[in-house]
Amino acid sequence: MDMISLAHTAVVPVILANLALLASSRLVTCIRLVALQGAVISVTPLIFETGPLSVHTAVLCAVALSLKGLVFPWLLHRTLRRVVVRHEIEPYLGYPLSILLGILGLLASLWLAARLGVPEASSRSFAAAFATILTGLLLIVTRKKAFTQVMGYLAAENGIFLLTAVLAPGGPLFIELTILLDVFVAVFVMGIAIHHINRQFDSIDTDRFCSLKD
Amino acid sequence: MLLAILVILPFLLGGAAFLCRSGPSGRGLLVTGAGAHLILSVAAVFGRPDALFGGILLLDALGGLFLLLTSILFAAAAVYAVGYLSREHTDERRDFQEGAFFSNAPQNVFIACLFFFLGSMTLVTATHHLGLLWVGIEATTLASAPLIYFHRHHRSLEAAWKYLVICSVGIALALVGNILLAAAGGSGAPDTESSLYLGDLLARAKAMNPVWFKAAFVFLMVGYGTKMGLAPMHTWLPDAHSESPSLVSALLSGALLNCAFLGILRAHQIGAAAGLADFCSPIFIGLGLLSMATAAAFIIGQGDFKRILAYSSVEHMGILSLAMGLGGTAAFGAMLQAAAHSVTKAMLFLLAGNILTAFHTKSSHDARGVIRALPVTGILWVAGFLAITGSPPFGIFLSELTILKAALDAGHFVLAAAYLGLLGLIFCGMAVPVLRMAQGPPTPHIAPGPRGEDPLSVGPPLLLGGLSLLLGLFVPSFFNDLLTRAAALASGM
Amino acid sequence: MTARALSVLVPLLAAPLAFGVIHRIKARFAGRQGKPLTQIYRDIRKCLGKGATISRTTTWLFRAGPTINLAVTLTALLFVPLGGLPAAVSFPGDIFVFAYLLAMGRFFTIMAALDTGSSFEGMGASREAVYSCLAEPMLFLALLALARHSGDLSLAGMLSAVSAGSWLTGAPILALVTVALFLILLAENCRVPFDDPTTHLELTMIHEVMVLDHGGPDLGFIEYARTLKLWIFAAIATSLLLPAASGSLAFDALWGVAGIFAAAAAVGVTESVMARLRLTRVPPLLAAAGAFAALALILVEG
Amino acid sequence: MSLYLTALFVLLASALAALASGRGRAANLLGPFGCILGCLLGILAAVSALFSPAPPVLRLPWSVPYGAISLNIDPLSALFLLPAFILGAAAALYGRGYLSGLAGKRHLGAHWFFFCLMVLGMSLTVCAANAVFFLVSWEIMSLAPFFLICLHHEEDRVRSAARTYLFAAHLGTAFLMAFFLILGHLAGSMEFSAMAAVAPAGLGPFVPALFFLALAGFGVKAGIVPLHVWLPEAHPAAPSHVSAFMSGALIKAGVYGVLRSLTFLGPLAPWIGQTLLALGILTGILGLLAGLGQGELKRFLAFSSIENMGIIFLALGLGVLSCATGHPGAALLAFSGLLLHVVNHALLKGLLFFGAGSVLHAVGHGYMERLGGLSKRMPFTAAACVLAGAAISGLPPGNAFFGELLIYVGGGLAAMDMPLTDAVWAWSGVAGLAFIGGLSVIGFTRAMGIVFSGEPRSADAAKAHDPAPSMRAAMWLLGMLALGAALAAPFLFTAMLPAARLLLAGQSPALPVLPKVAVNPETLLTAAVCIAFGAAALALALAFVRNRLLSGRSVRSHGTWDCGYIKPAPRMQYTASSYAEPMTVLFRRLLGEKRRFTPPDGLFPATGASRFASKTPDRVMDGLFVPLFAAVGAACDAVKRFQHGNLNLYILYLLATLVILLAAALGFAA
């Protein structure tokens, strides 16, 4: 299999994971889906690597894989266990409609790729990355629970990682790593915040957050 | 080397503060650290140190200006924090708004987060690598979220959560923008040569693919614009500013928003170098006017005085954006505006803290007669109101005048009329609550305490007010020079 | 010089006589014999010879009113020509000084009335103030029409430029101005149909009720000033109808005095055949005078 | 120039000294006397500048954008310095006495600080020759009174008045900013000299816009209808010496601004003159008509100030129109009359506000219907007010008469010489001025007659007494100055001629230095002064005769003739509202007077069963500004629903912005 078709193949599980995320009704499933997607995406830099395997790419993939595939799911599971909540996702928008929007997002991503003139070799990966970002945002917008917002954030982050791998793989390693560190801290802080939210509100539904308005 | 110390020092101090369990020594550390940072910043801004790590750390005039502002504000906030923290204990206390009980976060966490916050802002101003700049801005979010949640009750938690989610999402978009920008240099092909060094991007700007740049700019504008508080992405801003401790609000409004603005300015620099300034300016102008209009609509009839100040920040960010869209001499106006707004708004937030402490209310209907009850605070409150709404002889008047002049010189008469009209509306909208609070007989049983007002509480705002006045009467030549250079950079001249 | 002196001295002596003419005409219309023509001289002399009763409420304003009023009326007389005789003082723009001098007298008459604290006098003062306020612009419009017609901005100048002969060329203008000036005469001197000086009910008076509390020399001053004021306005209103100045002193003076008595007679006739208007109808009548004047102004070619 | 700078320095120093000396007596000493000293120096500087052959000029660099400390005391500036400094000194003298009872209770240091700042701001404003410097001075001058009005800020009425003032002042400045920036753009410099040089060729189609911007911006300060709404609110609320300064001097800064901006705009079209003339007539008439409905003394005086601004704008319009139609002689008369009236009105209105302040000080309020009989209790104040009231109505030999006389004669000349279509405007001007004069007589006889004459209508009024010597001295000062201004009217005219010429040169640059006038103004004024003071002398002589006649005879005191009524009481006196009734009924529709009347019932109505109340609200305020602000508020409340509190919605905003901008940037714009 050549690089291009390999890339095309890798894109498929990412897109499928997006749609599954939009359709899933259980938090635990969500966590697993995001972790799976993250794991797949974590190794894409290897696919796009043109020359021989560099230390740079290897370290990046290893760190990303361990974070996205192991640390984040573990953190999230831990938080979920502490927070006694109903494990159903409560959407503002029904699942079928969410999936429809997800597909629309995919189409929009393809349009964007065409509009920007992404080369044939990477256009599908580009679209998949973008669709993942949009899926993440969609999750944040259409789901009530604070928890799903973290999931959405992570999905968007997956998309961004893929985008980096597709478009701009050449940055300094330590900066790539600090970006990952930032994401890690973000998830960590959000986890703590969810913990506090649960204690304060006895729920992690964001529709309880309505005391601050004009 | 100076730059490296400047960036790393706050993180080290933050670590130390986290470990420091005793109250007074933690506060001492805060003030000492802030003072040291201020001295180093001044040295860095005017000493023009060399680039470090191959240009990753590099302080130009634009970064220098924002670094200086951040450092001054932090020093003022640190002094203020000494008085504030010694009054705010960690034991259970009653929420004056709803009567529920809550306790504050431990002091060591608070001080440590303040230092991390400072460190990440310093990083933002001192780097020329857009990726690292992004890291810095995301780090400010993460460091300041616990600050907002200092008072551990449900409203501040709500504000902190909204802040965290909205800004994280926004900044994630900015990261997409960065990636697109990096790719723009290589015309969209996967490009191992692509780089996010500002210098490289500027150098290759002419050869850049304009469509990619446009996409990148939109993402950066929306992403950093969220953090900067441009409408309609500003929604986190009033919540976070009104619920956080006042000194944190001061830093958020006076320093953090500037840092996000710096992110946008960097993108604008590249755009100007690529000859795409005409593409950027309608976006700047549109979002700027929308922000001003939104601020006007929310200030008029607003009862909560900290929210008023927050919306006023939205307004001023709008003015900055508008000025950048106008370009030319307005860029100088924007720099002056950023400086004057920072010191004035920080002063107002610190004063709001004083009023809140004395009156136990954020409602401008209930906190009456501030001048009688707290003379210094009250007078500064009115002066700050006049300053922030652009009355002479304060700095904002001059910057707003410069921006207006640029608009008229460019023949944007309708724009100028809208700008003046919105400024007028905001003036009226702010005058009503501010004067209602300042004047009249005080709410009963309010007194500044046996020894009058605490010098630690009124000193920093007084100093900031003095700076605001100074900017209006006399812009020192070295500062004028700094502003001019910064403006030249920002507008890509 | 003599002519200028005469145009002041004649009215000083003869002004009360014009009042006598009015009384006599009215009496005749009512079928009575009437007072002697010189009765008003006797009244004034009697007043000047008496003591006074002054209200405890009043202050110097009350006492100053009649004096100031007489003084300014006398001064205003300086600007008024008598028939073909020139005025004692004349300079371009003196019409404004003239009108404002009279206003000065009115101000202090009103203040004197208010100083008594009496409701009736307050009422009279109020009406007097309003009517004169409405009459003043009309007077100016009429005089401006004359000024534009004659090209002269002094009272004596514009009046002497017009004579019976000018009617051949500018009849409509002069007719309109004359009517306007006569209406203003009636208003300014508080005659029927604007005011009825002989009514017996304080509520319906205007000028008379303002001076209710004055007595002795003050009342004498008031009466005398009133006769002078009538003279002044009559001289202005009739000078348009008189023949051109002949150069003969006696002839011109006689024509002038005759004109004034004719005007007094016209006032007497008006008072005999008309009733006082309702107070609310007065402003429209003054507006009509203004309309006449404005129409005249428009008709004058520039 | 150095004298002027010294005066400014003294003012600034006394401001700071007062602020530093705290709340009490020390501040009440340092502030006013420093201010008086500064003002006296300033008067000297202004007078010397008025007569100096070349205007003193100063230009220093100032490190703010486009700014320069640029001062130019040309005749027009010097002329407007006079009211500022004269009233500054007099008001400081008066205010010291006025405030002495408040030492320690109010922060007098701050009060005098802002007072000195206000005088300083005004003196800088009228001399500034750089637009940025002008705007800064203007705003200092505008903001300082806000703090002065707020002296008694625990009263709701005062706070709301101060707020109205602040809004008006600030919004007016916005127009000025636009005005100066557009002009500066066209002139290529923010210096006034460059702005004056650019007209008319460089302005092109901008003239109407610039004219209306200047008119709106300066008109708010000057109080022309319909921008006058702050005046009747602010003046009664402010302490009287502040009202005196504001009414006498501060609003003249608006007049100065209009005059100065007209010199920038070059020769103007007739329609601008007509607009100004119409505005002047409207302002004069509506100002006084509304004033007739007011029950409060200082509120009435504020309306009278509006009326006088109307006279000034009327004269300005007349002058511009005359210039535009080629009658520079009439224009010269109108302009010089205008300038004379500026000074005269300053002196008289200052005196009247001092008088009203004395009444307020003695009685505690200024409601006419509860005053009366004060002439017996405060004879000095009463005499000063009545005479000043007569003078400000334009009656000879008061000083205001001579300014109005010049305007009248200018109008008369214009009315005689212009072609019909233009002459109509001049006639309206003259008739309007006459009507305004008549209204003024009604207004001031009403105010003075009800307040000072008759019997006291309340117990407070019965206890009144004349004010302290220092306050009396300030009134004496202004009174004597007014008398002097009347006697020296021809001389004053000569002094003002350079300024009038400046205005004329702005309108008709092609003309010789001094146009030939059909009426020699100096002769006219000399004759008028002789006649007017001759009449006064005659009155004195007659008074002597009267007293001689009465000297040997019985002069008895008795009650006022009551038409046979048995129990007259002070409450039965004619009231202020009934005095004005014939006029207010005539213009009832226009004024929107509101009445509540419960007529007496039956043959023997119970006490208190019958009531009458009337109120004349401000038509413009209630009909325009209040609904406008309410509508804006309602619109803003409607928008507030977007900040709904829902986090998901907030993110949606973000997403929507992104999508819209992306679509716009890549979809259409590419």
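Order of writing sets the labels: A, B, C and D. Residues in every chain begin at 1.
Here is the rule we go by: contacts are C-beta pairs under 8 Å (C-beta built on N, C-alpha and C of every residue); 3 or more make two chains touch, one makes a residue touch a chain.
Model, not experiment: these values are computed from the prediction.
A.B. asks: From the centre of subunit A, which chain's CA centre is farthest?
C.D. replies: C
A.B. asks: Nearest whole angstrom, what separates the Cα centre of subunit A from the Cα centre of subunit C?
C.D. replies: 101
A.B. asks: Could you put a whole-Å number on the gap between the CA centroids of subunit A and subunit B?
C.D. replies: Their C-alpha centroids are separated by 30 Å.
A.B. asks: Where the centres are mean C-alpha positions, what is the separation of subunit B from subunit C, in Å?
C.D. replies: Chain centroid spacing, subunit B to subunit C, equals 78 Å.
A.B. asks: Between subunit B and subunit D, what is the separation of their C-alpha centroids in Å?
C.D. replies: 43
A.B. asks: Which positions in subunit B touch two or more other chains at once?
C.D. replies: 161-162, 165, 169, 211, 215, 238, 298
A.B. asks: Send over the residues of subunit D in touch with two or more other chains.
C.D. replies: 640, 643, 647, 651, 662, 666, 670
A.B. asks: At least two partner chains per residue is the criterion; list those residues in subunit A.
C.D. replies: Touching at least two other chains: 112, 115-116, 137, 140, 149, 206, 209, 211-212, 214.
A.B. asks: Check the chains against each other and report every pair that touches.
C.D. replies: A-B, A-D, B-D, C-D
A.B. asks: Which part of subunit B faces subunit D closely enough to touch in the complex?
C.D. replies: Within the complex, subunit B contacts subunit D at residues 161-162, 165-166, 169-170, 173, 211, 214-215, 217-219, 221-222, 226, 232-233, 235-236, 238, 279, 283, 294, 296-298, 300-301, 329, 332-333, 336, 369, 371, 386, 389, 391-393, 397-398, 401-402, 404-405, 408-409, 416-417, 420-421, 423-425, 427-429, 431-432, 435-436, 439-441, 472-477, 480.
A.B. asks: Over in the complex, which subunit A residues touch subunit D? Could you list them?
C.D. replies: 92, 112, 115-116, 137, 140-144, 149, 206-207, 209-214
A.B. asks: Using the touch rule from the top, collect the residues of subunit B that touch subunit A in their complex.
C.D. replies: 56, 129, 131-132, 134-135, 138-139, 141-142, 145-146, 149, 152-155, 157-162, 164-165, 168-169, 172, 175-176, 179-180, 182-183, 187-196, 209, 211-212, 215, 238-239, 242-243, 298, 302, 307
A.B. asks: For the complex, give me every residue of subunit D touching subunit B.
C.D. replies: Checking each residue of subunit D against subunit B gives 62-67, 132, 135-136, 139-140, 143, 150, 153-154, 156, 159, 162-163, 166-167, 170-171, 174, 177-178, 181-182, 184-185, 629, 632-633, 635-637, 639-640, 642-643, 647, 650-651, 653-654, 656-658, 661-662, 665-666, 669-670.
A.B. asks: Using the touch rule from the top, collect the residues of subunit C that touch subunit D in their complex.
C.D. replies: 48-61, 63-64, 67-68, 70-72, 74-75, 78, 89, 91-97, 99-101, 103-104, 106-108, 110-111, 114-123, 125-127, 129-130, 132-137, 139-141, 144, 147-148, 151, 153, 202, 212-213, 216-218, 221, 279-280, 283, 290, 294, 297-298, 301-302
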